[in-house]
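Before we start, here is the structure in question, set down as structure tokens.
Lettered A, B, C, D and E in written order, each chain numbered from 1.
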Amino acid sequence: MTPDPVTAALPPVPLSVEGASVMHQMMRFRRPEWRALSTMVRSEIVREAVGALTATEHAVEGRQTAVYSLLGHKGDLMFVHFRRNFEELQSAELHLARLGLGDYLAPTGSYLSIVELGIYESTAKVYGALMERGLQPYTEQWKQEIEGTLDRHRQAMAPRLWPEIPATKYVCFYPMDRRRGETKNWYEESLSERQRMMEKHGAIGRRYAGEVRQIISGSTGLDDWEWGVDLFANDPAVFKRLIYEMRFDEVSAVYALFGPFHVGVRVAASDIGGIL
Amino acid sequence: MTPDPVTAALPPVPLSVEGASVMHQMMRFRRPEWRALSTMVRSEIVREAVGALTATEHAVEGRQTAVYSLLGHKGDLMFVHFRRNFEELQSAELHLARLGLGDYLAPTGSYLSIVELGIYESTAKVYGALMERGLQPYTEQWKQEIEGTLDRHRQAMAPRLWPEIPATKYVCFYPMDRRRGETKNWYEESLSERQRMMEKHGAIGRRYAGEVRQIISGSTGLDDWEWGVDLFANDPAVFKRLIYEMRFDEVSAVYALFGPFHVGVRVAASDIGGIL
Amino acid sequence: MTPDPVTAALPPVPLSVEGASVMHQMMRFRRPEWRALSTMVRSEIVREAVGALTATEHAVEGRQTAVYSLLGHKGDLMFVHFRRNFEELQSAELHLARLGLGDYLAPTGSYLSIVELGIYESTAKVYGALMERGLQPYTEQWKQEIEGTLDRHRQAMAPRLWPEIPATKYVCFYPMDRRRGETKNWYEESLSERQRMMEKHGAIGRRYAGEVRQIISGSTGLDDWEWGVDLFANDPAVFKRLIYEMRFDEVSAVYALFGPFHVGVRVAASDIGGIL
Amino acid sequence: MTPDPVTAALPPVPLSVEGASVMHQMMRFRRPEWRALSTMVRSEIVREAVGALTATEHAVEGRQTAVYSLLGHKGDLMFVHFRRNFEELQSAELHLARLGLGDYLAPTGSYLSIVELGIYESTAKVYGALMERGLQPYTEQWKQEIEGTLDRHRQAMAPRLWPEIPATKYVCFYPMDRRRGETKNWYEESLSERQRMMEKHGAIGRRYAGEVRQIISGSTGLDDWEWGVDLFANDPAVFKRLIYEMRFDEVSAVYALFGPFHVGVRVAASDIGGIL
Amino acid sequence: MTPDPVTAALPPVPLSVEGASVMHQMMRFRRPEWRALSTMVRSEIVREAVGALTATEHAVEGRQTAVYSLLGHKGDLMFVHFRRNFEELQSAELHLARLGLGDYLAPTGSYLSIVELGIYESTAKVYGALMERGLQPYTEQWKQEIEGTLDRHRQAMAPRLWPEIPATKYVCFYPMDRRRGETKNWYEESLSERQRMMEKHGAIGRRYAGEVRQIISGSTGLDDWEWGVDLFANDPAVFKRLIYEMRFDEVSAVYALFGPFHVGVRVAASDIGGIL
């Protein structure tokens, strides 16, 4: 099928809007060193950590830090920070490092990203409408029109751009890429093909809506994969079912490359002492 | 061969049922630090460890931890935990870490998964029967029918879903993926093609039934490979023969990607002191 | 399209000019060891570090060292040294290592490169003109003519070859390669094809000119990737938008391979104590 | 060439027989810690190690441990254990770890395998003969006939299945795989094609018979590569010449993937003190 | 072009001659531990190191050790040992490790190889002449003739086979492979094709003869890559220009795979204290 000239000239980049700045920190707990401390010193350190982590346990104006106990050797603890910007993420990292507890945590991984909502479904429509009005891509007027569209989406989607971390028992975090192989290359697919595939993909996710909540963050240019995915559920087997089902979907089967998977159990700030 | 329309519309995901939550922990033993302890302290630590590991050495309501002495540098000990759910796995990890012995163990690897039995052979039949009755995939009624089918399998297969760890002298554990290459992609194969290949694959395994026992666990979305495989045998050369023979089988030759292999010798909880 | 004989005989290497020698050093801060020091000793070490880093904070005759606080586990600090040559880079490394602070920094990464400006757009023109004058590639006269051309570019581009590190709040550094795949191989593309693709690529960058400044350095034969890219911006989300948009561009979509991404917040030399 | 129906039905797995269980252990020597010991303590540790290593220096009923001083950073020492079974390998590892010297050795690698002699040349003949007698693959009678054939080979090849470690000055150890690429896949080649290629490959090895001795061990299902190769020679340049010449041979050029290479100098047990 | 029968029957391996045994050792300097020593102890250690390194600083009968200060985190020092054989390399390693300085050096890498000069240009001619005389490859007479040819080359090329390490200010060391891809495979190319490509490749090197000196060593079967390349120059930018220009050459563009690059500044033995 030959694309009509207007379609062929559309910019290839799908529209998206951005929200919270996100840092995942995976940490090993230096247990032998910890156990060498006196009970009194440990109590004092726990008391301080409980205080600090309680203060950011619930989202306040888009600022929140959730703590998870990771399963397996990739780390003992995962701290998930949502903040207004990167400077606040830096402060959050530094604040954690400076706690007494910080001396007993050694980083094993991290991930830096920004909450992102892609709007594939309306991108071609918006671009097409602008072109039919005679606007050329990347002109000042084009940019203003696009910015206006994005602003409307930012307002409508604000709760999902600045989300509270779902209060589920389990989290599953992993980074991912779209494949750029020598013959199968996502970034060489047309906007409409990508839109079609993302739509089918989204349909699977929606079938799990009652069981899993998902937060997607973009990290192209920020970290070593293109996206970070956080899934939240009370039954961790659902992570397996959802991701396995998606793996048969064209966009994942052919184009998804996955980084390491991290599964953790939520820990209330007040219970942090219970897992040390 | 053009698939008939009904076949083409079948969901691509094979049916499967799930059982025990599984954690493999590979640990290095910090021998120099251990040897620096007094005999008395070491005896006390061993005594505590023997007590704790004896308590979970045999399966009680699906809870069990087996200990293996690993061969080679990937770790000195491997703990294989089977539990009812992930929260119990977290407790098992924490319990082990808090033993006196925990200070002399450093993690070198781990694997998180859920015992899984695929039922490829009847998947197409079940899907086809439902569609012939006019049910549409993913509708409420479809889901209920599927759930009913799975429940019958869960009951019939309960002993294999919640297995006791076989009491063989040797274990072989490795994770694996199905290949998603640019031209050879398991997840793009049709359900019937996959079913055909899995059937041939299963036939090889059955020829080794008297010599090897196998427990498959699924880990898509939980850990970095899609499946974990545990083989149990009294003659470790059988691991080599079985896996080598399978490597010529289409599903392995073309579609299997293997992670690191771990071979260990079972250690009775009461003998743990003998390998330290 | 058959290339005409003159074009076919052109040397394949695009012209470029070189400037500052560059070293990126990523460092972990050994915080527990640091916190074990007395306040007095720490003050003394900070005082010395502030002095040393202040002296090179601003570019003096092409010599400058900027300090960034990195986000995530790839390091706590990144030192970016611009110098006149490699010997000065070695001195800069040694000078930093010998500060009192040096004992509390452990290297986690580094990158060695030379600021480079490619002049794809005029390469074919220059080569063609020389050949039309009857000069043969690589003869003494050819080399003198080329050297003369490069000298004119070196003078015209001096401010970009010996740049001051932009005073933006954020930096994004990553290394990259051009793909040499079995079917898609940048180094097998013709000079004119590469020129065409680089031109389109540059156009995207120019649309971000007001928001991002970029310094490209070449590292073929010096470090493990072919180029290092530094982006400087006051809004880090721009890193994501720019690099994501570029990913759809042919030269990136098909031919770019990316190493690890590092994002940091600029730290004034006088504030170094504030992030320790 | 269409294979005739009998050939097509032959099992794809070549016959092979197995012998000694093999463990390679690569170790770093913790020299600074060692040098901190008093001369007296070091003498005592060396004395004990010499005694233990002398006891297994020469093959006794298939049990032997050879010591090599490795060149380069992959380790300082390599212990090569040949034993009757895996349980004895585990004991050998534990025995070494429990020597006083064990506290000054840190593992950097290892390899687990079983000496294996492939009998490609007669496999098709044996299979064909059985099928012409009307036996079906994998039936009890088939298995008995095969087992009988293997037993005859095991007896005839016993000295090579339970070899003494050649007393050459140098060893070269590396693991390897047969490629399973998307288009070039060893395990999809027919038995006769593989036999043909292995024959040509063997011919090269035979030309080096006077200069190099070779022990192949299989490790599919036991360690991370499919085979381990030990070469023994008095002139290490022969390792280079042999393996380079083989690299042009079809089976290596197309189908061989190589792991890390380790080259070591044999150390007499009585001289172990001389390299510490 | 169909090869004539004689050409087709030529052995595929190019002739080459070998010289010095080479070990590169990359070392991290344990600076914090070093700085904890008293000035007097440090002086004594430096004095001893200067003495030992001075003794081998200049080539004596093919024995030499050069010291470089590496740029970046891959190591602080690189020792390049040229010796008569591997046993002498082992001694050189051990000698260095046993210096007082040895306790403050930790290995970060190494490379083992043998200086090698390929003689592609005359290989086909020699092979062809022998075959025209009716000699069959690999017969005793064939081998004697080849050995005679190689001996003549060994004598003529002795200064390049047993080279003195060039006294340039900078070194660039990297290992490399020839690609064995599924479609592009160096080892499947004909001898004459490889000869043609190597000739073009050599022509580029010769254009840099005045600026760079190069020592190639072979490491197939000795270390993890097939060749080691040392470049020596007084202007390190030349490393970049030479290797970048070569990357467009067919043999590099298509068939070269590169390992890590190491760039160092030569340190006189007497100045070793100046970089600690």
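Methods note: contacts are C-beta pairs under 8 Å (C-beta built on N, C-alpha and C of every residue); 3 or more make two chains touch, one makes a residue touch a chain.
Nothing here was measured: the structure is a model prediction, and the numbers come from that model.
Common neighbours of chain C and chain D, listed by label, are E. Overlaying the C-alpha trace of chain B on that of chain C calls for a turn of 145°, given as a multiple of 5. For this pair, chain A with chain E, the centres built from the Cα atoms lie 47 Å apart.
Between chain A and chain C the centroid-to-centroid distance comes to 29 Å (mean Cα coordinates, whole Å). Among all residues of chain B, those that touch two or more other chains are 182-183.
The touch graph of these protein chains is a ring, one cycle where each chain has exactly two neighbours. From chain D, with chain E next, the chains follow one another around the ring as D, E, C, A, B.
For chain D in complex with chain B, the residues that touch the partner chain are 12-13, 18, 23, 25-26, 85-87, 89-90, 93-94, 97, 102-103, 107-112, 114, 138, 180, 182-183, 185, 187-188, 218-224, 226.
By the touch criterion given at the top, residues 31-32, 35, 69, 71-74, 169-170, 172, 174, 181-184, 207, 231, 236-237, 239-240, 242-245, 247-248, 252-254, 258, 260-261, 263, 265, 275 of chain C touch chain A in their complex.
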